[in-house]
Amino acid sequence: MAVVGASGYTGEELVRLLLRHPQAELVAATSRQFAGKSLAEVFPRSAHHSTAKTLKFTDASPEKIAAEAQLVFLALPHGVAVEFAAPLLGAGARVIDLSADFRIKNAETYREFYGHEHGAPNLLADAVYGLPEIYGDKLRDARLVACPGCYPTSILLPTIPLLRKKLIKPASIIANSLSGVSGAGRKAELDYLFVECNESVRPYGVPKHRHLAEIEQELSVAAGDPVTIQFTPHLVPVNRGILTTLYFAPTDIGQDVTQVEAAFRERYANAPFVRLLDDKALPDTKNVTGSNFIEIAWRHDPRTGRLIVMSAEDNLVKGASGQAIQCFNLMCGYEETAGLL
Amino acid sequence: MAVVGASGYTGEELVRLLLRHPQAELVAATSRQFAGKSLAEVFPRSAHHSTAKTLKFTDASPEKIAAEAQLVFLALPHGVAVEFAAPLLGAGARVIDLSADFRIKNAETYREFYGHEHGAPNLLADAVYGLPEIYGDKLRDARLVACPGCYPTSILLPTIPLLRKKLIKPASIIANSLSGVSGAGRKAELDYLFVECNESVRPYGVPKHRHLAEIEQELSVAAGDPVTIQFTPHLVPVNRGILTTLYFAPTDIGQDVTQVEAAFRERYANAPFVRLLDDKALPDTKNVTGSNFIEIAWRHDPRTGRLIVMSAEDNLVKGASGQAIQCFNLMCGYEETAGLL
Amino acid sequence: MAVVGASGYTGEELVRLLLRHPQAELVAATSRQFAGKSLAEVFPRSAHHSTAKTLKFTDASPEKIAAEAQLVFLALPHGVAVEFAAPLLGAGARVIDLSADFRIKNAETYREFYGHEHGAPNLLADAVYGLPEIYGDKLRDARLVACPGCYPTSILLPTIPLLRKKLIKPASIIANSLSGVSGAGRKAELDYLFVECNESVRPYGVPKHRHLAEIEQELSVAAGDPVTIQFTPHLVPVNRGILTTLYFAPTDIGQDVTQVEAAFRERYANAPFVRLLDDKALPDTKNVTGSNFIEIAWRHDPRTGRLIVMSAEDNLVKGASGQAIQCFNLMCGYEETAGLL
Amino acid sequence: MAVVGASGYTGEELVRLLLRHPQAELVAATSRQFAGKSLAEVFPRSAHHSTAKTLKFTDASPEKIAAEAQLVFLALPHGVAVEFAAPLLGAGARVIDLSADFRIKNAETYREFYGHEHGAPNLLADAVYGLPEIYGDKLRDARLVACPGCYPTSILLPTIPLLRKKLIKPASIIANSLSGVSGAGRKAELDYLFVECNESVRPYGVPKHRHLAEIEQELSVAAGDPVTIQFTPHLVPVNRGILTTLYFAPTDIGQDVTQVEAAFRERYANAPFVRLLDDKALPDTKNVTGSNFIEIAWRHDPRTGRLIVMSAEDNLVKGASGQAIQCFNLMCGYEETAGLL
């Protein structure tokens, strides 16, 4: 198993989790920036691990990587991941891509949201969207997995069960999300300096954030009809965590949230990482940071008739690398929670 | 001029601003907890000020305070403020109350939201809601001013102009607010310990926060009809600042936000503390903390048809003590910005 | 194995680590405050664990606890721990105490620093100071272990090897420490509110902090002579982590730090949690938070002749609960790193 | 009055303070990066100020600037400031430089610490070190002022009075400093990203930080003999603030700190920005951020015989821009505190 492009926050978290995984054996890691250095040198938190001490970053080609590993994680920017995926798949490797490159089934939608032509539209049909709670069965045999974005995970898991049961009106969906700064990646940009983010709270990407493409695609599947939603991301001064507050107009359930609870409990009865909170607690990112769990709570407002659903996850774990390993576990026939508890 | 109950964050900010005010002369400050200590001892940030060095906190009665000061600020918990306001007014003092006690015109609504009978319902009709951008004229002659809550200020200023012009549908209003921790006051409670708030993002008070009472009262005045809204507060790890994101369904303005901009520009043409952002910038609490400004921006989403309006303020200044001084300036015939720039 | 007094930050971390430990079986947990609630209810981060779901906090007596568990962790305030330790030991249980009660060998020194008589001075001689890198052999057979304080751990591990080799002058030792706020415990006190700690950096306990008693006791053992040091703790706005900067006058090693490096490498050759940094890196708390590692680096200053040694640890893990489990592993004959990687 | 190079944190703070200054009239501001934009556009916090709305950043030459302003602030990187200072002085302007370029009297020392030849060694003799509490008289007539660094200010003010009175041994001085992240400037570097600094505490620049050159120069003047000190800076996750803890061996004062207090009180009797704390309080950066004050406290440790002196300042105000304005006030014959309270 190999990791390509491991120098960002997502890549570092992926390496950290894989080194602790009881079945995973990391045989290669690539990074143009760190080629020649050991994992231990680049990631001090993993410096004690024997593999981290001996394994060195390389700048290997996809062909070379495919010769060493049967399964490859791509932690690359969108537009770059696609260039590695095609040759890797061609050489027989299975690919788990953490970028946006294979999340959108429709190449035109990809171009609309990402501003350039898709590099391998022929691969889109094969890609499985890596949300294990929804696509668990398809993931077992997948050759190419497109891991969901961090915001989409926090929105889809609390919304899909309600849409499938037709408990909410699709046109009413508003998702208000708050993200920690690691969501912006490890980029040397002024906007993400400590002084610019600390003691600051701000919206961004209003009103059309890229993640809308995959969110609406998956909600449309769940609803059986095209869905368009409102989504506003905000940056808040924490390292990790996404807190999403969802506003829904219920269909005809009135003040009875029993069906809402039933929909969640049924859908997630066997989902080891979904924590449905009882009616006293509300989600808090500090309960899930560093873990692969997502907390979900719901409240009906008798004054407005709306349903409020809230979720909390770690954007780097359940929103990225942890979920990628959850997919990996399913693909390899391991325990779904292996290496993640 | 006197300050009653100055030991919390709001009281400290009020004292700090009053000491810097060119016309204000602070002659008395009360605090049961700090009686006998000088302001300089209790508030290190103001320790250099000559008044802070000499003025000592007392535990004076309302009558005694009224004998010394013609205008009194109350920075007391709700339910306590009312006990001071009545005798102070009776003794001829003008009162600026920063608690919730005189914000709600309807004593039954007060009881519904605050859980106890109002202590002086006969005074409610006289109280002027201290939002200078809306009630500037009434404030000049007010004897009793009820300063708005921090969340209400951040919601009312961006919403009232649109409701008055009937540009938005009242039933569609959703306010999603993020507040710094000073909003919870200076209370020794576990929930507000550093370790409980840092690296944490969480909603609370869902779905019926107390501030709804005054928000809906004032929105109903603006709409000319009863308005019920959705409001979700969240706690984020900053000391100061409220960022509110508002979701509106426009009436029949379509994609044309010219009327929205016009409504804001007209209403706030002479409002020195309202910053209407041009279409490139979005509000950021770090632009307004420590100041009495509120930033407001708006975007129309052609995909959903909704209007998104965002505001940023300092909860302790524009959301509390700064706004109280803005009211004070109007009441005394001073420049509206005196001591606040 | 049982945990007594698990409701603070140290207790929560201890429970979290024990639940993940492959050999540990938690059979009882006590907490006056949370009696009747399950661990899952009280500690949301551990809510998925099957033991956390079923095990309920009790308010059991020491005798009852000793009947259920052969080894008991005490996560109680000093002065209270001693009251549990004596009956537990009397009933045959082994005790790992995380308080200060058994750290000081001399009951008079205890009284000097803690302000009250020691509750069981007869037990002091039996207690083993729980610093596995120094007292590993004694810990294997210990019946009563006194886990070191968070500051002491961060000072002793970088200093003892140098004192033993007589490479530094004992009278020259200055320890300047920076601690995250969890070090203050989970107490509802104004000083530790988010707003009081965020954007604040401050010294405290100058010049005689309680931890000096155990630090000087252990340094004196290492030096073979009484040692008195300078120690200044500071509070910095992070949840976890202690960064200690030590200033030493070397004996006659001149500019040659080879002996310093040799002393560290020899002493910690088999210490799995001590990370000796090469000469390019300096310690950073973010490399060790959440883990049981301590980072140590050293620099000689040719301009002043001084030796600067720096360490970073997580105050709740290596500085408290992780180290307690490291002791537990040695006492039970498990792998020293069991449950801690 | 003009500001050259106003785009960093120091420049922004300087502009903010100058716009509020009752006597200062800002006629020009240069910035290569922002040329053509108004100050209001670049600095949202000052957007309401009339000058900020009308004054546009230019990329003017020193000659052009000197034609418009008689006094020029340079907020440029070291090595660049010198290139502007010479022509400005030649054209008759007075210059207040916030860089390190004119702080070091000895051009060889400059080269040793800054790694390149000084650009105008002939100007060094004329430059006055801009520490008003020490060089107040010289500053009145100064043509070229070299404002001290942020760390030096926090170390010199608490140390110079003691050295002058020969109360401490020069060779014993150890300065342990903690700085907020704005001290690193507004540079797009990975090390200063939010995620790299938040929940991190770390030393850096050990053992020879550049600021040592000016610190030791000024301490040597005070001692009347060459002084070499130990200095360790650390980065802590706050936006602003420096907390310095100083360790001194007293000369022969024994346990009597009366002389220490007397030395401070005498030296700073007329220093409006130095706050000598009484013996109950210790410095806290949150008491001084946003202000030009420095807090100083001292404690004698009878156990070790050492004297501990601690200071807190805002690195961008007293440590940079506020102090520059304090110099400006003296140079222009204004009240020393003008625009700074």
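Order of writing sets the labels: A, B, C and D. Residues in every chain begin at 1.
The criterion applied here is as follows: contacts are C-beta pairs under 8 Å (C-beta built on N, C-alpha and C of every residue); 3 or more make two chains touch, one makes a residue touch a chain.
Remember, it's a predicted structure, so these values are computed and weren't measured experimentally.
Touch-path distance (fewest steps) from chain A to chain C is 1. Centroid distances built from C-alpha atoms place D farthest away from chain A. Centroids of chain A and chain B (each the mean of its C-alpha atoms) stand 39 Å apart. Look at where the CA atoms of chain B average out and do the same for chain D: the two points lie 37 Å apart. Taking each chain's centre as the average of its CA atoms, chain B and chain C sit 46 Å apart.
Counting only residues that touch two or more partner chains, chain A has 196, 198-199, 237-239, 284. Across the complex, chain D is touched by residues 174, 176, 178, 180, 196, 198-204, 206-208, 228-230, 232, 234, 236-241, 243, 245, 247, 282-286, 289, 299-301, 303-304, 306, 308, 310, 312 of chain C. Considering their complex, residues 20, 44-45, 47-48, 199, 272, 275, 281, 284, 287-288, 290-291, 293, 295, 341 of chain C touch chain A. By the touch rule above, chain A contacts chain D in their complex via residues 9, 181-182, 186-190, 192-199, 237-239.
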